[in-house]
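In the two complexes that follow, chain A is the common piece, with chain B as its partner first and chain C second.
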Partner chain A sequence: MEQTTAVPIQLQPRERPKRKFRRNFWGYLFVLPAIVIFALFLWYPIVKGLMDSLYKIDFVKGDSFVGFDNYRTVFNDPDVRIAVKNTLKYMGLGIVIGFWVPILFAIMISEMRKFQGFARVAAYLPYVVPFVVLYGVWRWMYDPVGPINQVIKSFGIDPVLFMVDKAWAMPAIVIMETWQSFGSAMLIYLAAVLSIPRDWYEASEIDGAGVWQRIRHITLPAIKNQILLLLMLQLIATSQGFQTQYAMLDGGPNNATLTYALLLTRYAFVRQDYGVASAMGVIMFFALVILAIIQYRLNRNGGID
Partner chain B sequence: MKASKSLERGILSSYDHQKPSIRLGYYLMNLIVLVMMCVMVYPLLISLFNGLKVNKEVNSFPPTFLPRDGWHFDNYKRAWEYIDLPKYLKNTLFIFGGNMLIIVIVIGFAAFALSKMKFPFRRGIYYYFLLTLFVPATTYAIPNFVNLKELGLMGWYGAIWLPAGANAFYLLLLKTFMDGIHNETFESARIDGASEIRTFFQIAFPLSIPIFATLAIFVFATAWNDWFWPNFMLGQDYKPLSAAIKTLVLDARMLDLNMKFAILTIVMFPPIMIFLFFQKYILRGLYLGGVKG
Partner chain C sequence: MRKITSVISVLMAASLVLAACGSNNNNGNAASSSAPAAATPASSPADTGSAAPADDPTQVKATISIYFPTPDKVQERKLEDDKIARFNQVYPNVEIIKSDWQYNPNEIGIKMGANEAPTLFNTYATEGKFLVEKGWAADITELWNSYEKKDQFNKTLSSQFIIDGKVYGIPQRGYITATVVNTKMLKDKGIAPPPFNWTWDDMLNTAKAAADPNAGISGFAPMGKGNEAGWNWTNFLFAAGGDIQTVDSKVTAAFNSDAGLKAIEFYNKLKWEANAIPQDWALGWGDAVGAFAQGRTAMVIAGASDPVDQALNQGGMSPSDIEVYPNAAAPGGSHAGIIGGDFLVINPNASKDEQAMAFRYAVFDYFNDDFLTSLDANIEARKAENKYFIPPVFEYFDMTSEFGQKVKAVYEKHDNVYQYKQEFLDLLDAKLEAQYNTQDYYAAMTNVIQEVFSKQGVDMKASLDATAKTVQEKFYDTIQL
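Then we have the complex of A and B:
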């Protein structure tokens, strides 16, 4: 073995300079377009955002340095407090209402002896339709004369004004989004559940474990990695969510669905204050960094136990 | 993922299935899944039927499922004439095609170089790409918008195409996949005197087709769904389908509800049909992306 590897090493010095230059040249040439694109559309905007957050941006008169004034504006704006609260509410509701749904259905569908394929396709179906189209459909679903209120009324309960009631607007959006996208998370869980070795269940059944114990001690621990990953991805996504809130309700009723990212786009496009919008973006970055550190700490502590 | 193995047993064994209490639970579980399936399909079907009703019926309570006052197929004809869907669909496909081309050339080449070629600072360059994953889109979205304006890309497809190549997640997926291809294949091609570009197009690209297909699904989903930024960046004639639906249908005040549903249904059903026909391949592609990611 050593003999064979020794031969090329001896040969190398002779060919090295030309070949190495050729290799390096092509290597750099291949990564060059990506380096330029990443610089132009990621790194430059990131740095520019940091800089802009310290300036008053004026496209006509030119930018002027204002120090931390933009950050002061953000921290003193009562709308920001509302937006942060709404965003935390949105993230929380996303977990309470939505997060467990794909796990539950993945386990249930994996146990089905017939029509597994149908259930899988039906769950994924709304995900292939453009979100915008579904916003239109669900506005009517939530309407006082819509089908959901028909069901509510048939139980003899007063109709719920989902799109007007401050308490119901955010849950209504989370329910819609859960309906729309739990199928894609379910497929990931389903693949993980189906890849659990069958003999684990066999062994635990022989040891007298009941169905719930098997789920609790075998199925759930086996998909723990997927659960943690998707939880993290969902938190990152919902912390920045604003498009559904904007399209369905434009932040209303009475700012009940005004999320942080929606307020940020409002600062940019409605108030034309790009400096404050950039400052909000930078604050968002640090908030997510803190979230990542907390998650890392929890993970490490969890590992010790 | 195939059912052959899971048929033997799952969490429940065939012995469990003989117990009455578990049988009852099993039927209950099937019922819950059935209810879920109905809940998933109902909003899609009711849109189809709402598009066939007269406007008064759509706005009346309680809502009907099937049209009561006749099936008005001409609604769909009028809906088709109301909005130039083929034009906007063409724009969506154009955006998708351009994005995909940029991704193959920019990210494909970079992933290939980082995975299969050796050159100084390779690791540093890799981190230069990957570190962008830690910055949330919210942070750079607005500066990027201003930047695109200053670069003079606004109003043209370039404002969507070029930034599509700046995606570290896709790069990570591609590089991880290419790492799994044996080096010997490329070594022998190089010894035979193939240029690096030829090696990429004739060996690396064909071998990576599965992961490019997965990427294509992701890229298509983006082009298909994105409406917020295209609405700001592109003129009316360049807008993709989703952006046009938002401005011309959802935000339209004077449009009758039955017409709205007819338009939404026309947009909804082609992708559903395509998905139902190709679901085996699409779900497999997504599965591959999930495993490799």
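Then we have the complex of A and C:
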């Protein structure tokens, strides 16, 4: 029997840091811009925002530490409660009115046998309309003598005062934004729908499935992950909404479109109270972190990619 | 993981705003050494504190950045270019950099924090107290007192920036709010234009008769969106004899007085009794003035020259189509209009030489015959473009002074200069805006106005009282006099 002798394992000597750095030099160099950008535009602002929320900010005389006074101001301001309520309403309306539109269009376009390319471009076009033009056009669309009200009046119904009726102001904004932005989400859904193997549909057709059954049992389950991802992204985006509310109605009528982010900008840029604005930003940050964690969990469990 | 990172990066974009806000909190300490970047090179230590300014100011080397009118203000830009050329003939060593930044209350904090405000920047009458409290306006008392023509300024205007005996701003021009009426529209509808000394009843009746809601035409377009809504309504408060606030040992809200109630009740009548305001009343300043120029409203209240400018130069109307009225008087009140104006303020971060040169630049054309020549040429140029020249209602000088008469002669020489009627000028009752937390008051009143316009039967007294209480507790009680 052949005898084998154990060969002692030669432990690799630890690479010296200098040598390791030299070996990875180009790698570090490629990562550097990303680190600088992240540090400058992401992590530093977060830390700075947290710090500022504890100070009374004064550019000339210098900042003074005020503890949690800014947070007290936020929690005691009745406008904040209105703004939170409006923001939740805006987020909710965004889902009820707008969320399903790109899904519907993606499925419709995927079913088209002709003019699919044209339909894609047509649906995406509103997304490239500049905001200034968009707001001008929709103010006219919603005008009491504008085209929408002309149609409404032709049915003998009183015109709807979209911009000044408290009940209509927020839905009107959501409808406008849906029209403007559904094309972008639709392209994502469309890519997902078109990637579903055609033989699944052929098999279902052989089994006698109709259009609705195909959509319900094949299409929707297949794009479930995209739906969840875009739902979370929409919630995150709408929770920060203020641009349209500001440009179209400046939070009116009677605070009906005053969102949390709009109130935050008012504290910062109208009242020049950057401390309270920072406190509002920090509170918002933590609320959004919760949404981000949910999205992360869904990502992990559902395999969203 | 990449996804979550990118999502968080989206979330954090808002935080950038916060960082921008707080990036420089030691500005005051660094004020003397951190003049605007553009101004720094020429202000070497050799210049600063040298005897040059006192001995021969024409030899001073300095770089100053100045407020330059925005591209839409064609006639003002031409005047300013001409002024720069003439200034450089006298002060050849002064480099002038045009700043396209227009004063904005929302941006001044950032500009000052980042040390990017021009050496000489424009601002409004209401901003005086605010800028001084923040330390964002240089004390120019010494420069002002050594200016030989200081006594010829329009005192109503200049007093706006004299605070506790110190001077912080130089008046440029003033405005007074007035009601501009589309008299052609009235005549076309068979409505007799009201007399100049009109009342609220006249205004209500005229607005009611001119309104045609089905055609989208209103009798009167009050501003209803944003802070300008409160500003517009304040004209009615003043016309009823009311005030925004009283100032003695403390600042007290006064807009919930009987006069305030009358004024808001008049708004209520315009909306619910006369149906004379636009159905979509969420109009900003531009929307309301634009509606007037487009013939979608018979009346609008704004600084008198602005609707005239838009109607004549953009709306294609002729001077005979419109008339500038003083604001209608309330029963027992006056034809009060809000007086405001444009002022020039010097950046306190600039060096002494730069401040002195900025002051010289600001008053370079004041009371000066060269300005008359330039003005004359500018009016001619406007005429060649088939445009009207709309002078401000108030100048920095008194129109009855010798210099004022010279300017008047230039205006009368041209047929494309809009002439305000003497009846209008005689009836004007100028009321100054509040100097404390004016924008906060406007914002609070905007809510009341929107409530009245949105809902019939609002308890207006209760609403005014509640708003006054909020403004008092939130803003006025924090002011230390």
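Rule of thumb we're sticking to: the second predicted complex is superposed on the first by the 265 of 305 C-alpha atoms of A that agree within 3 Å, B and C clash if a C-alpha of one lies under 4 Å from a C-alpha of the other, contacts with A are read in each partner's own complex, and residues count from 1 in each chain.
Throughout what follows, a contact is a pair of C-beta atoms (placed from the backbone, for glycine too) under 8 Å apart; a residue touches a chain by one contact, two chains touch by 3 or more.
These figures come from a predicted structure and were not determined experimentally.
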Partner chain in contact with A:132 - chain B first, chain C second, else both or neither: first
Touching partner for A:165 - first (chain B), second (chain C), both, neither: second
Which of chain B and chain C A:24 touches, first, second, both or neither: first
Touched partner set for A:203, first chain B, second chain C, both or neither: neither
Partner chain(s) touched by A:233 [first = chain B, second = chain C, both, neither]: second
Touched partner set for A:294, first chain B, second chain C, both or neither: neither
Comparison of chain B and chain C by chain A residues contacted: B
Partner chain in contact with A:277 - chain B first, chain C second, else both or neither: both
First, second, both or neither for A:249, with chain B first and chain C second: second
Chain B versus chain C as contact partner of A:157, first or second or both or neither: neither
Shared contact residues on chain A - chain B and chain C: 38, 41-42, 44-46, 48-49, 52, 57, 139, 144-145, 236, 240, 261, 264-265, 268-269, 274, 277-278, 281, 284-285, 288-289, 292
Residue ranges of chain B touching chain A (in the complex, touch as defined): 1, 3, 5-13, 15-16, 22, 25-26, 29-30, 32-33, 36-37, 39-44, 46-47, 50, 58-63, 102, 105-107, 109-110, 112-114, 117-120, 122, 125, 128-129, 132, 134-147, 151, 162-163, 165-166, 168, 171, 196, 200, 224-225, 227-228, 232, 241-243, 245-246, 249-250, 257, 260-261, 264, 267-268, 271-272, 274-276, 279, 283, 286-287, 290-291
Interface residues, chain A side, partner chain C - complex: 38, 41-42, 44-46, 48-49, 51-52, 55, 57-63, 139, 142-145, 159, 161-166, 229, 232-233, 236-237, 240, 249-250, 252-255, 261, 264-266, 268-272, 274, 277-278, 281, 284-285, 288-289, 292, 295-296, 299, 304-305
Chain C to chain A touching residues, read off their complex: 3-4, 7-12, 14-19, 21-29, 31, 105-107, 109, 112-113, 134-136, 213-216, 224-226, 278-282, 284, 439-440, 443, 446-447, 450-451, 453-454
Touching residues on chain A, where the partner in the complex is chain B: 23-24, 26-28, 30-31, 33-35, 37-38, 40-46, 48-49, 52, 57, 105, 107-113, 116, 118-126, 128-141, 144-147, 149-150, 153, 179, 183-184, 187-188, 191, 194-195, 198, 201-202, 205, 211, 214-215, 218-219, 236, 239-240, 243, 246-247, 261, 264-265, 268-269, 274, 277-278, 281-282, 284-285, 288-289, 292
